[in-house]
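First the structure, which I've put down as C-alpha cells, then a few questions once you've had a look.
Each chain gets a letter, A, B, C and D, in the order it is written, and its residues are counted from 1.
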Amino acid sequence: MGLRVYIITRTLLTIPTLLLLLTMVFLVMRVLPGDPVDLHFERKGTPEQIAQMRQILGLDKPIWNQYVDYLWGIVDIGYLLQHGYPNLGKSMQVTSQDVGRQIFSVFPATLELAIYSMIIASVIGILLGTVSSKSYNSLLDHVIRGFGTVTYAIPVFFLGILFQLIFGVYLHWLPVSLRINPNVEFPAHVTGLFTIDSILEGNIVKLFESLKTLLLPSLTLGIILSGIFIRLTRMNMLETLRLDFITAARARGLRESTVTYGYALRNAFLPILTMMGLQFAMLLGGAVLTETTFEWPGLGSYIVGRINYRDYTAIQGAVVMFGLFVTLVSLVVDILYAYFDPRIRL
Amino acid sequence: MWNKVELSIVVLVLIGIIVSSSTMYYTTTVMSNLSTLTSDVSTLTENVLNLTSSVRDLATITRVLAEAMGAFNETLADLEARLAAIEASLAAKAKETLIVGTTDAVENTLDPAQAYDYFGWCIMQQISGTLVSVTPGSISGTDFQPELATSWNASTDGKIWDFTLRQNVRFPDGTELNATHVKYSFDRSIALIPSTPDGAPANLYYDQIINRTEVLSKYKVRFFLNNAYGPMLGIISCRASAIVDPTYAPWMTQVNYTADHARSSTPLAFVGPYYLSKWERVGDRDIEIRLDENPYYWNATSGYPKTKTIIFRFYRDASTLRLAVEAGDIDMAFRHISALDVLSLQTNTNVKVWIGPGAPMFFMCFQEDHAPFNDSRVRMALAAAINRTAVVTTLFPGLANATYSMIPPGMLAHGDAFKELGDANLTLTTSLLAQLGYSSTNKLKFDLWYESSGHYQLSAEQAALYKAQFEASGVMEVTLKPADWPSYRTNRNNGIMDVFVYGWYPDYFDPDDYAFLYWASWLNLHYDVWSPTAYAQQIALYDQARYTTNTTLRIQLYNQIEDIAADQCSIVPLFVTKLWAVTKPKVSGLVLDITQDMRYWLIYIAG
Amino acid sequence: MPLLEISSLAVDYRTSRGTVHAVNDVSFFLEKGETLGLVGESGSGKSTLGLSIIRLVPYPGVIGGGRIKIDGRDIVALPEHEMQTFRGTKVAYVFQDPMMSLNPVKKIGAHFVELIRTHEPNVSKKEAFERAKTVLKNLGIQPERINDYQHQFSGGMRQRIMIGLAIALNPDLVIADEPTTALDVIVQAKILDLLESLRKAYQMALILISHDLSIILERCDKIIVMYAGHMVEYAEGTELHDRPAHPYTQKLLQSIPNIELSDQKLTAIPGSPPDMLNPPNGCRFWPRCSYTMEICRVKEPLLISIGRNHLVKCFLYGEKGVQSE
Amino acid sequence: MSEKKIRRSILARCIPRLTSLAKKGPSGWMIMIGIVIVLTFIVITMIGPWISPHNPSALFIGPPVASPSSQFPMGTNFLGQDMLSRVLCGGSVMLQVAGLSVLICFIIGVPIGLFSSYSGGFVDSACSLVMDALYAFPGLVIAIAIAAMLGPGVINMSLSIAVVYIPTYFRIVRSQVLSIKELAYTEAARAAGAKWHTILFRYIFPNVIPSIVVVTTINFADAILTAAGLTFIGLGVSIDVPDWGLDLTMGRKLIANGAWWVITFPGIMIILLALGFTFIGEGLSELLNPKLQH
C-alpha cells in the first residue's frame, strides 16, 4: 500500500530530473564553441553545404524551437510506437539514417555487457568486502583493500588488452572480439541479448558461444568496478558490525554466519545497493572503453565510431540514451530499496 | 577470524572460474581435434574386437564376459559412428561456407549510381555482372574477357562501341537479361549524376564520355561516345557499369540500405555468382553480410561459385582481426591485417599469407595556396628530402614498392621520372632552400598532416618518418597534425593542410586513371592556379593520350607528362602498396592481381 | 562449586596509540541465584568486565590474563563454537540501549525462533513460535504483536523483548548492563522489578551493571565497586551501605540523595576519571582522593580484607594488610 | 623572509609530518606511500628530458620492436624509439591534463558550492538540482562528447574532464557547509554579528578543506585515467609527443606479435601514478571518517 504510493511519487519525481538532464545535454552540445555543422566541415564548408546540413538537422530554426523539437522528439510516444524507436534526429553521415534506430539497435549489446559485469562486480565486491570487514586490520583485510585500490587505478582498456593477450593470444581459450564466435549464426533477434535469445531459441551451442565471448569483456569491466564495490561493502559492513544489535545477537549465541549475513550484511545491504546504483553511471563510462577494446558492438563503440565522423546528432542521441539509462536504473534501485526496507514501506 | 562459510565461498568461486575456463579450453580443443579423436576411437574399437575374438577362443570362460564385451564394442562402434557423423557434418559445413573477417565496411550503398568505396564495389562484384571483366591474373590490368557480353567491337574512330549480349542470362525471377536492361542501367546512372555528385559515375565522367546508348536488338547494345576513349573497356568493366534490375532500381532515385530486407537494399541485377541473402547493420556498422550461391548464375555449369556461402564479419581494428584469423575464428582475413602483423604471420604455420601486386598509390601533396608551397623549388626540395626506400623497408617490408612515377609498376608507361631528385638527396634540398633564404637559423616551418583513424595504414608512423627525414636536412621544422579520416577529407576539400599524404585507389587499370592526379581538382591544391603553363601543357598531353588508341604514342605522352611533373613536383609519388590476404592453410583459389579485386567465387576450401 | 568464578582477570585494549588496561586483576565468584552489582563511573571497565564474561570484548580488546570459570569450566581458552553454545543458554546479556539491540529488518518473532532453533535444532519452527508467544505473554506484551518490527515498539517494550530473548532459554546467569539507563524513570522501576521477578522465577544468577549505586544497593546481595579498571571495594549490600571503606565508595554514597537524613548535604566527586592510556602511578584514585598520602602516589595498594567478605584496595587500612582468603 | 627560507621551513615542517603519518596506522602508511609515489613521478617527469638516455621522439634509435635488453632496458617500439626514454618523459601530458582539470574544477566547483549552500534557498536548490543531474551522468561519456566537439588537445581534454568533476566538488563542499553551518560556534559567531564573508571564510571554509583535499586526490587519479581513455579512443595528442596513453594505444597494434613490453611499461606507469593519488585519497578519507574511529 505505502509502497505503491512511494513508487508513484518517486516515478513522478524522476520527470523533472529527466527534463533537467535532457536540457543539460542540449545546452552542453550548444554551449560548446563553434556549431556542429562548422565542426563537421572543419570550419571550411561552402555556404550551400552548411545551409543544407543545417536544414537537415533543423539547426536553421531558432534555438527555442530546436529545444522544443528535441524534447518532443524524445517524448513523442506516437513516433516511438510507429517506428519502434524515439525520434533522435537524423545522422549527419551521408546515409542520413535515423539516429534513434541506430541507437536502439546497438543498445541491447551494452545492456547485456552492463548486466553481466554488474553481476560479476557485485559478487566479487560484496564477498571480498564482507570478508575484509570481518577480518578488520588483519593481513587479509589489507590484501583485499589493496586489490580494491589497485583495480580502481587500472585503466579499463589496459586490463582488457592484458586479458586479450593472455586468454586470447597465449592461451587461445577465449575469443577476443565481437559478440559471438564468427562461425556461429546470431540467435534470432528477440531481446537483442544474445544469451537470452539463444536460451529462447533453445540452442545450447549459441548460448555457450555467446557466454564464452561475453566472459572477457564483462570480467574486465566487472573487476575494474569490483574495487569500488569492495570499498563500499567494507565501509558499510564495518559501520554495521559496530552496532549494538550485532553484539546482542552474538551474546545470544547465534552462529557467526547468521550474525554476519542475517544481521550485518542484511542491514548493510541497502546502503550498498543504493551506492552501487550510483556507480552504474561509472560502469557505463567504463563500458565505452571496454566495448572499444573488445569491439563489442554496443552504444560505446557507436559513440566512438560516430566521433570519427563528427556526427553531432548521433553523439547527442547516444549521450541522451546513456542519461535515460542511468536515471531509469537509479529509479529502479530506489524502488528496490523501498521494497526491501520495512522502515520505508510502513 | 573469518569462518568456514566465507572461506568455502571464496574457494568455490575460484574453482568455478578455473573449471569453467578449463572446460572451455577442452571443448574447443575437442571440437578442433574431432577427426583425430575419431581415428583414436576406431583403432580402439579394432583392438577391442581382436580382444573379444581371442577371448571367445577361451571356451572355459563364460560367454557372459564375451556378451559384455560385445555390448561394449557395440556402444563404442555406435559412439564412433556418431562422432564420424558430427565430423562429416562439420566438415561439410566448413566446406560450403567461407567466413571472411574484414575491417572494411560498405561505406554507404550498393547502388552503382552512387557507391564509390572498395568494399561496396567488392560486394557488387560478387552479386552483379558487367559486360566485360578483367581476366583474373592479368598483369597490366588491361586484358579483358567476355562476361555478360560475349563479343564487342569499336568503330575505327573509336566513337561507337557495340556489345553482343550473352543469351539465357536470367535474373532470379526468371526474366532474361536483354539489351534494354543494359541501356536502362547506363541511362539511370547518368541521369542520377546531378543528385549524386560524389558517386562513381560522376567521378568517372560517364556523362562526358558516353553520349548515348541504343538498343540495336534483343542481344545487341550500342554506345555512342563523345570522343574516342582509350580506357573504354576499363570503364565498362568497372563496378559502376554493373547491370541493374529495373524492378529494384527505380528511375531517378538512389537505392539505400533497408533494414531486414537484403533484396531491396540494392538495385543490382543478381546475375553474379552470388546473391545478397543478408545485410545486417547495427548502429552505424555492418555486422553481417551473407552471400549465397546464385542458382541462376550463367557460369554455374563450369562449377562456379566453388564455395556455396560467404559470410563477412566486420572488425573495427586490424589487430583484433589478426587475432581472430590466428585463433581460427575466421577462415580468411582480407583487408586489412596491419602490415606489421603480416610479417610475423608469414612465419606462422597455422595460417597462409597471400601477397599480390599493388595498385594503390600514395603520394605527398602540397597546398599551393599556402606560401611558399606555390614555389616549385620548395616542393622539389621536400621531394628530394624524402627517402622512399627507408619508408618502404621499415614500414612495409615486402608489402610495398617505392615508385618514382605516378603510374604503378607493371602498368603501361610506368617510368622513373622522379629518380633524378633521388632519395634523401639533402644536398639538393638544402641548395634549393638556400636559394629562398632558408637556413639552419631561418628554418622552413610547416604543418605535416596525417590521417589518425586508421583509414590509411601506419599513417602516423609514416608521418613520424617524413618529419624525421625533412628535419634531417637541418633547414626545416615540421609540426605533425593528426586528423581522423572524415576531418582529413574535409580538410583536403577545404585546402587547409600545408603538406599531407594521400592515397589513390584506381577505378580501372589504365595510366589514364593515374596521370591526372598531378592536377586532380578534388585535391584542391590549386596547381592550375599557381603554375598555369605547366598545367596547360600536361592537360593537353593527357587529353591527347586519352583520345587515342595508339599504345606507343600514349606511352610517350604519359612519359612527357611525368617529366614535367618531376620539375613541378605538384604532387610527389611515394610508393605503391601491395595487396595481401591471410587465410587458413586449407583455403585456396585466391587470385590477387593488379585489379585488387577479390573474386570470391574462385575460392574453395580443401576438404 | 560456584556458578561463576573469576580470578585475577585482565582485559586490555591494544590501540595504535598504546595499550589500555581496562580491567586489572579482578577476582570474585558468584553462586546460583545470587545477585551481583557492578558499580562505577563510565569508563571504569565494568561493561568490559561484563562482556569479557561472554568473551565479546569489542575490537581491539583482548583478555590479557586470568581465568573465567562457568560451572568450573574455564571459558577463556574455549574454542569459539563451544563458547557460542554457552552464550544464550548458560549466560545471557541484556544491553543498555534497547533501541539499537534488535535487528531492524527482522520481525520480533523471528528473533525468538532463530534463537531457540540455533540452540535447540530439533525444535520445530511452530513450536519455537509458540514458545516465543508464551514468553511475550509473561513479559506483558500481546502475543499477536509477535509479527511486528522493532521500530513499532516503545523503548520499554523493546527492553522487555530484550529481556525476553535473554531468558528465553532460561540461562543460569543474566548480565544486565545498564538495562534502564536509556529509559525514563517510571519504566526503569518496572523493568528492574520484571528482572527481579524473572530471576526469582527462573532461579537465575544476575549481574547488574550500573553507574547508579542506589539501584545496586537496593537490589544486590554482593557489590563490586570499580574505579579505572580496578575493583577498589567488594562487600555485601548492607555492609557496603553501612560501612563504606574506600574513599571513592564513600564519595559515591554521599552523592546519593537520601530521604532519611534530610539534613544530608550531597557532594559531587571532584576531578574526573583518569586517562586510561597513561593512568597515575600508585593508587589510581589519589588525584581525586581527599586522604592522599605519600605512598598512594608511588605504590599501588593491594586488595586487603577488612572484615567478613569485605575487601578494599586502599592504604588507609594498613601498608599491606592480610591478603583476602 | 626570503623565498629560499620559506621553502626550507616548509620542508622542515612537512618531513616530520610525513613520518608522523606512519604512526596513524595503515591509512597513515597509505597516505605516505601515495605522497612518495606522486612526488617521485612529478620529479621524474620534470627531469625526464635530462635523465632519459635518448631523445624520446627520435626514430630508430634501435631496431624496431626490440625486446628489453641491456641497451634498451624497456625495449623499443615499432618506430625503434627507446621505450625507457618515452616512459621517463611520457608523464607530462597526463600530469598537465590532470593538474589543469583539477584547477578548473576547484576554481569553479568550490565557490559555487560554498555560496549556494551558504545562501541556501532557491539558488541553492537550483544549483544542486543541476549538479545532481550532471553528477548522475556517465562521466567518461560526457567527457568524450565534449572532447569530440572541441577536438583533440591538452586544454580540451582538461576542460572536458573538469566538466565531469565540478559536481563532485559542489556536492562535497555543500554537504560539509550545511553540517558546519548549524554548529554552535558558527551560530555564536553569527550571533556576535560577524559578517557573512567572515563566517564563510574564517569559520566554514577551513573545515571544508580536508574533504576537498580528499576529492582532489581522487579527482587527480580519475583525471589521469580519463585522459588515458580519451587518448585511447583517439582524442589524444599527436604521435611525436611522448605520452603513456599514446604509447599504450599505439602499442596495442603490436600485442598480437607478443611485444608485451610496448604496452606493459607505459601501462604500469599510468597505474602507479593513479594508484599514488588513490592511496592518498583513500588514506585521508579513512583517517577523516569519524564512523571508523576507535
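We take it that a residue touches a chain if its C-beta (ideal position, glycine included) is under 8 Å from a C-beta of that chain, and two chains touch if they have at least 3 such contacts.
The structure displayed is predicted, hence computed values, not measured ones.
S.K.: Taking each chain's centre as the mean of its Cα atoms, which chain lies farthest from subunit A?
M.R.: So the farthest one, by centre of C-alpha atoms, is C.
S.K.: When the contacting C-beta pairs are counted for A-B and for A-C, which pair yields the higher total?
M.R.: Pair with more contacting C-beta pairs, A-B versus A-C: A-B.
S.K.: CA centre of subunit B versus CA centre of subunit C: separation in Å?
M.R.: Going by mean C-alpha positions, subunit B sits 87 Å from subunit C.
S.K.: How far is the middle of subunit A from the middle of subunit B, if each middle is the mean of its Cα atoms, in Å?
M.R.: Chain centroid spacing, subunit A to subunit B, equals 37 Å.
S.K.: What's the distance between the Cα centroids of subunit A and subunit C, rounded to whole Å?
M.R.: Each chain reduced to its C-alpha mean, subunit A and subunit C end up 53 Å apart.
S.K.: How big is the gap, in whole Å, between where the Cα atoms of subunit A centre and where those of subunit D centre?
M.R.: 24
S.K.: Where in subunit A do residues touch at least two different other chains?
M.R.: 164, 169, 256, 292, 307-308, 310
S.K.: For subunit B, jot down the residues that touch at least 2 other chains.
M.R.: 323, 326, 453, 484
S.K.: Using the touch definition from the top, which residues of subunit D touch two or more other chains?
M.R.: Within subunit D, residues 25, 234, 252, 255-256 contact more than one other chain.
S.K.: Using the touch definition from the top, list the residues of subunit B that touch subunit A in their complex.
M.R.: Its residues touching subunit A are 1-3, 5-6, 9-10, 13, 21, 24-25, 27-28, 97, 99, 101, 107-109, 256-257, 259, 280-285, 287-288, 311, 313, 315-317, 320, 323-324, 326-327, 329-330, 453, 484-487, 490-491, 493-496.
S.K.: For a test of understanding, state which residues of subunit B touch subunit D in their complex under the given definition.
M.R.: Its residues touching subunit D are 318-319, 322-323, 326, 338, 340-341, 344, 394, 450, 452-453, 460-461, 463-465, 467-468, 480-482, 484.
S.K.: Along subunit D, where are the residues that touch subunit A in the complex?
M.R.: Checking each residue of subunit D against subunit A gives 25-26, 129-130, 132-134, 136-142, 144-146, 148-151, 163, 221, 225, 228-229, 232-235, 248, 252, 255-256, 258, 260, 263, 267, 270-272, 274-275, 278-279, 282, 289, 291-292.
S.K.: Would you pull the subunit C residues touching subunit A in the complex into a rising list?
M.R.: 51, 54, 56, 58-59, 80, 84-89, 92-93, 95-97, 100-106, 114-115, 118-119, 149, 151-152, 162, 165-166
S.K.: Please output the residues of subunit D touching subunit B within their complex, sorted ascending.
M.R.: 57-60, 64-65, 78-79, 152, 234, 238-240, 250, 252-257
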